[in-house]
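This is the structure I want to talk about, given as structure tokens.
Per-chain numbering from 1; labels A, B, C and D assigned in written order.
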């Protein structure tokens, strides 16, 4: 194998979701953000009781409904039709965000544009000058949940790092991220910076470091 | 009749309650405070739909229950057993006080120790030095309701006025009272001071003024 | 006898003035008072400030613009307070063109600011948004070691509400995820107007199951419409 | 499988420490977690701060002191945050004697401060209490022409809750006026312990009718006790 040939394959979107799902234990109350985080729900075995929250007032989401058995009154924060798990409850938006902001969620998993080594997260805007602003519940979740995990590609489409010393995009919240799942690695945010928990098979630490702006800790 | 003989009789507690009840129109949402105000409920004809609120989360109280038909789970803010009117609703304490503090009650009727001509109310304490403090919901009601009426004896047991230029007891709330029903008169609190709406039969304006510290307006 | 039912859309919309602050609940069409929005479009009030969680998806060629987006397209909206403005949406275009002012804030802060108005809380601190663009120009104070933003209540002149069931006192029940912002906006407005799928006799809704007590409701219009559709 | 039911009072009370802040709901015995209060008396934690709406009626000769008043009588309470301290009550005497510190505040402010803790609001402004003794030492700011007091959230280590029905996820339903402070304290505490009259299978409580979602509940003890009595 030559030095230029890569001996590894980055995880797919589903692969990242499956990897994150492994680490969610029974009994946790979890909010899954839009995009790849939502896919995590498909990878939690139904017998493992993880209670999924959605910002629009649903606690205890079940799997996606079968075709033609959809209840049009039940959707999640991504506007997808959902089912309720036995034991679910429904609340209004202020109560739903009391759950989020009051520190009651064990975990929220968000998508990200950039994560900094101090845990800063940028996931909603590429520039303060953008007219279109889509904040939604991300800032509330990032600040409120007991743990904030981010699932994202390790680098941008044109190869720029997303694992940074400091975010260049507008922040969602400061010092909030506790762990990052990328298509190449799992990283913990520690007081000393990003600590590598695992790397995809075949990739070396230095290959991962080369794709990260922040200095990684073994 | 000699000048020292009085040609009038002050209203009883029930008389005051009945008088105040006359002025409560159908459709109002009303909180009746502890004491004489609670008696007002007995003087609102059942066919007049006035919706009574109690701080402990009851909206739509009905008449007192018949003996042996009491529901021990239904009480009012005075800890008396109550009934629910058809159409009633039950909420928790924060929602109940959102009703109060959010300005949704058309009226609350409170007991009083003293009312000042600027609408200041004192009804919970005789001295800032008192160890026992019984605030309850009075401050919330006095500040929150659209109208605050006070029902009280015109003078204290030893003949001291309660209709004052300025309260001497600790305040419940400032500039909140809109009308006072005493056992001698009905008074409106106006920007110019207390305006006499009516006096009990046989009592003259000057007799009422003699029993009031604040200057009354005809 | 208290009877909050009105017999026509015109009666429901009566008195909404130019310049009003109007709250519109709903989350992706579920719990959205679409008939009342159409009524407001018809009624004609303009120069509105609209408080709404999301201002609409990007335009799709060939798909008719309806609801809040239509109100914007007609030039009737001056300002929007929201948590989502999307590029390519009618509202996003209007914001870009400078014809609509957008105050974009976190969704939880939006919900809490509406509740605060209904509950008599003029302002509160929250850690949400600290150290971000949404804190710009706002007061910051530290509590328990966290920087918090001072946020003010949002009051409205009018709230449009979609209920599943209502009685003549205005007691409401919502269905499924259709609750969302409905109970909140009902508390925060001077005038709360409800469209309801079903009409109940007084007492048919058990006291424990009332989701919005009638004290927060002014007018109810019986409007049996279909189930919510997913947005295109 | 999530199962929040505990099998004994000792298990329910496990880990409550000296110096804990304990919230006790109930309004004149309705919705009061009396069995859990007895459990706390038995358990022994002292130096407690108790958050409770009313601290009890005056002593009646010949009537046994129970509940919160008993906790005070045993010298286990250091501070109380409440809206009522009555002269001649056990708590009133202790406050007079200087053995218990009382923070007496308006009932609505008490409810809202508890909710604030549960909802992640560290502080809020309210017009209630402005220009009164309860505003002493507190920050004042004017909103819409009214003087408002800055009030902080009240967090607790432990909440004791009385429910009518509960399932193994901790979803709760309250009965009648027994709801009162129960849903609020459940949100505001690190550890929420529930006594319930009835046990439900998961799913027996319809999703729309859950009053306190299980996320706010840690332990549930089945305690079928009688109806609440009126206080003497």
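Here is the rule we go by: contacts are C-beta pairs under 8 Å (C-beta built on N, C-alpha and C of every residue); 3 or more make two chains touch, one makes a residue touch a chain.
Molecules present, by chain and UniProt name: A, B = 3-oxoacid CoA-transferase subunit B; C, D = 3-oxoacid CoA-transferase subunit A.
Keep in mind that what you see is a predicted model, and the values were worked out from it rather than measured.
Common neighbours of chain A and chain D, listed by label, are C.
For the pairs B-C and A-C, the count of C-beta pairs in contact is higher at A-C.
At the far end from chain A, in terms of centres built from Cα atoms, lies B.
With centres set at the average Cα position, the gap from chain B to chain C is 36 Å. Rounded to whole angstrom units, the spacing between the C-alpha centres of chain C and chain D is 34. Between chain A and chain C the centroid-to-centroid distance comes to 29 Å (mean Cα coordinates, whole Å). Between the CA-based centres of chain A and chain B the separation comes to 56 Å, rounded to the whole angstrom. Contacts with at least two other chains are made by residues 90-91, 94, 97, 100-101, 144 of chain B. Those residues of chain C in touch with two or more other chains are numbered 112, 115, 119-121, 126-128, 174-176, 208, 211.
Going by the touch rule set out above, the chain pairs that meet are A-C, A-D, B-C, B-D, C-D. Contacts from chain D toward chain A in the complex involve residues 1-2, 115, 117-121, 167-169, 171, 187, 202-203, 205, 207-208, 210, 213-216. Against chain D, in their complex, chain C makes its touches with residues 112, 116, 119-128, 141, 143-144, 146, 148, 152, 173-176, 208-209, 211.
The part of chain A that touches chain D in the complex is made up of residues 26-27, 29, 49, 51, 53, 59-60, 84, 86-91, 94, 97-105, 144. Residues 54-58, 71-75, 77, 79, 81, 90-94, 96-97, 100-101, 125, 128, 130-140, 143-144, 170-174 of chain B are the ones touching chain D in the complex.
Those residues of chain C that touch chain A in the complex are listed here as 27-28, 30, 53-54, 83-89, 92, 95-96, 102, 104-109, 111-112, 114-115, 126-134, 174-184, 211, 227-231.
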